[in-house]
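Chains: A, B, C and D, in written order; residue numbering restarts at 1 for each.
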């Protein structure tokens, strides 16, 4: 009984960590620009696919990963520069549609370049699973959790200790004021997109050995990341992490204990319940109506 | 006779900061009652509390003797309260006259069936509503804008439009939040004239305003707030001579 | 004035329509229409299918075409969406006016097109698996893959031979998995196999450990069957190995391709599945009638596309060859004659199996056209 | 005294009617009628969605759920339970309206992205149920739907009809029917917009707080428009099912919700004629792009992105603005 529960928990936390990283990407961009970036999942895809294809060309794994992440970062900058920045006057829904267009475009390109097949990426370390109290943990899961934790700590340090991080925070709080104190807000927005792309692509690389990777893997994972971010409360870093883990664990528990047919429905019902009681998610900022 | 609006021990805190604290006063029907005070004194917060947009942390507001604690802004409107905003709330996706016609919302019987089929009864109502709205726009002095898109109107005209919208609801009491802000001298004079006309029609007016000349000229009574607390209350003459008020205004 | 305006507008419309319709006025070609899931979640079906069709239409045309007429392939990508499949079928029939349709990668896409095809009376050879496509028989609809029911029969019989009568079932919630699940439940009842656990996963799931844990913890399960296609079964296979489940493991024909072995890796060791002999051409006995067809298809496909051959491409190969054979037998592209000819095809040896069509059977394959394969040392091994 | 809406309403409706009834002159084969019919049905759906998104300013990323519910209810009741189409469509619409009201009340309190999230979740849950309940819906492989019967008179794309002595085939008849439906849908939408109810709805978008202080119960108006747009979707879903003759869970899927909202935004939020244009463009695009094969996805994404970047107000409003600017310039030049 306990081993069963533990197994579901391991499964849930691993996938939840992935959701959390994607949700963090959503949060970053949302904080800096109040845009919900539906192309977030594509960064994840780029990370995995570029690594796999570079490795197939004979590039060593570590270098392949670095190149892939850099590629995603560049893509993030391009997305901000050429799709989001020119449309800054646009309505919220319009921006959503622009990012959806961008995600279709990126996916189409990936399909042209890399084809439609699924690809395998080897585990970072041993293929041998780890056994704990009768439950099994893929060694790659430890990588996902470890790297996820490092990224979260890194982000916190980035925002509290570095000038660039503080500039992003300042811009998110008050764009005009930030501009007045000499922050180049366009540059900051670009950076936010870049960091968000880096996060997404790293997530894509670390989960690829578990999930495989293909040109369209970003659709569903991106969407789940958005769900996780909304549960946690848009704009809250803690919320993104908690939301991601919660979503992953609820899915796994629902699949194990309730009904595998309806596990996604259970996850979506959970959002409705959360939003019913907390209209701004678990950790969302309370906003007073100002008139 | 009890007061139209009665406020008792009103408190509103935002995360520990008291924007309004222990405020009590009463407004009699037919008065022009003004709330003044330095920036950040809690005037707008007070209006937001009275009009039901904020819920008080403590204290009580009575409209015509009825507690408003559980009432939404739209329910207060049904009971005859209407207002304008310091930061104008105009529906920019509509024309000027539609904004005023919106003000008559409660006076119109809307029925989905007659709406969908656009029955003659509805058309008649709409015609008279439009006529009344046009009159009101004339009354407040923006009659030339009837079918102009709200987004294409000047600031001053929009300010008057917002008052017309509030009047369209035929309220017992109208709350005007800094109607003179951003207006020039002539416009302010016209506004003063307008407020007088409104009051003459028997509508109670509550006013938040910075323009002392305007306030002193038209108010029956005044409430002075400072740091969320009542500094003074009384007729203009008393306020003018109140040493605390003078100190607060002169930065004492 | 108004008249000239109208005329001009008419001209515009004609030009626009021509652009839409893809004009084709070659020397009376035979038009073969196809709508396939070339991209989207079912692209692993549609992609090899399209490649196969393109390649063999070319080949046939090089050797003089059919009835002295060249073949013209008109194909659209339905992205795995049944509504677009229906729309493209409509376009093929009504706008492109094709002579025969070979396509429909998934059951949903096929079924959405069926009403149009039946009404327009155009022969349609589907490349999708579910038994509903040809049972009950629809006058104008044929199909080349074995049905999922046959797969279920083959798998469950093989299990019984090994003494397995209590099993756990895990299936995808996509069309293939859901239909396979339904057929497995029915066949199990007939064969006296008990299904003790019945769980599902959705196409985009990335981890099926929870579902498999559920099966593992069900008392009495002696074997496990996964009915699904796409990358899902590969994840199931890897999770199965990670969880250390030692029970005999079966997959369906939905993953019968070398790509699956690449994805599942060492975890696939020992699993069995029903498949066409395409995966093991060289281990077929010399006297097997299919050996030559299978070997040459595999060789030609792999030489042309520099990609591994897949069972699904073979469905298109068989579909095209059946169409050609029927048109040749009919001596024309007159739909009714072609339909009759299709219905009367006997002993046609294809890659998937030997087709014996009849008015009562528009599939023409027997369950034993499935061979049971086992993964041994990372390669397919023919069991029987 | 004629106001803005009255003028434009008459003009738009007449204009639309002329286009709809002149279109057959340009349709050269049944496939074109087939597409045009679908466009009309989807356009009517989008006109309903626009009431919610364009006029009341509430985002829905799950509207296909209601479309799918309508489609499946009509399909199941006529197919498996022998109902006639009209009662199936109407009862379906009422049920969907009730469902929309029940879920709408709590979720419409949410704002911005949280509302998108909640509607997305509702749409997903509906799609998952349709996909899983195979015994009722045929599951992922879909189910056949009988053709439309209007009080015993059968309208099938495969039939043949005569109207005022004109011989029509089934597709032409369906097209005319769908065109009429679209006109009625537009007429209702316009009547609604230019009415006290419509002003209240638009004020929710313009300034919710202003609406409340003049007595608009914004919560119930949001619910109302949510229900109305869901009913539009349900009815059109039912018609779509009868026309297509076969439906799969794709009609309720998230992708389709995105397509619907994209039609609204692309065509021009808050412009009834605009969103119809949006529906036509998005329905036509895959057919036009089909010839580009592998490049199809890339081009679709690129076109969508560029249009929205350079025409953030949507196709029709941007065109209208450009035209009126031109005319003003001309007038100014003469003066």
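Just so we're on the same page, a contact is a pair of C-beta atoms (placed from the backbone, for glycine too) under 8 Å apart; a residue touches a chain by one contact, two chains touch by 3 or more.
Just so we're clear, the structure is a prediction, and the values are computed from it rather than from any experiment.
**Student:** For the pairs C-D and A-D, output the one whose chains share more C-beta pairs in contact.
**Tutor:** When the contacts at C-D and A-D are counted, A-D has more.
**Student:** In terms of CA centroid distance, which chain is the most far removed from chain A?
**Tutor:** Of all chains, B has its centre farthest from that of chain A.
**Student:** Chain A to chain C: how many Å between their CA centres?
**Tutor:** Spacing between the chain centres: roughly 36 Å.
**Student:** With chain centres taken as the means of their Cα atoms, state the distance from chain B to chain C in Å.
**Tutor:** Roughly 71 Å separates the two chain centres.
**Student:** So what's the Cα centroid distance for chain A and chain D, whole Å?
**Tutor:** Those two chain centres are 33 Å apart.
**Student:** At which residue positions does chain D touch at least two other chains?
**Tutor:** Only 132, 209, 296-297 qualify.
**Student:** In chain C, what residues contact two or more other chains?
**Tutor:** 39, 173
**Student:** Could you check chain A for residues that touch two or more other chains and list them?
**Tutor:** Residues 111, 261, 264, 289, 291 of chain A touch two or more partner chains.
**Student:** Across the complex, what residues on chain D touch chain A?
**Tutor:** Residues 53, 59, 106-107, 109-114, 116-118, 121-122, 124-125, 128-129, 132, 209, 254, 258, 261-262, 264-266, 269, 294-306, 308-310, 312.
**Student:** In the complex, go through chain C and note every residue touching chain D.
**Tutor:** Residues in contact with chain D: 6, 9-10, 12-14, 16-17, 19-22, 38-39, 76-77, 81-84, 86-88, 90-91, 93-95, 107-108, 111-112, 114-116, 119, 130, 132, 173-175, 178-179, 182.
**Student:** Under the stated contact criterion, what part of chain A meets chain D in this complex?
**Tutor:** The touching residues are 30, 36, 83, 86-87, 89-94, 96-98, 100-109, 111-112, 223, 226-227, 230, 234, 261-262, 264-265, 268-269, 271-272, 275-276, 279-281, 289, 291.
**Student:** Residues of chain D touching chain B in their complex?
**Tutor:** 1, 3-4, 188, 191-192, 195-200, 202-203, 205-207, 209-218, 224, 270
**Student:** What residues on chain D touch chain C, complex-wise?
**Tutor:** That would be residues 25-26, 28-32, 34-35, 38, 131-132, 134, 139-142, 144, 157-158, 244-248, 250-251, 255, 286-288, 290-291, 293, 296-297 of chain D.
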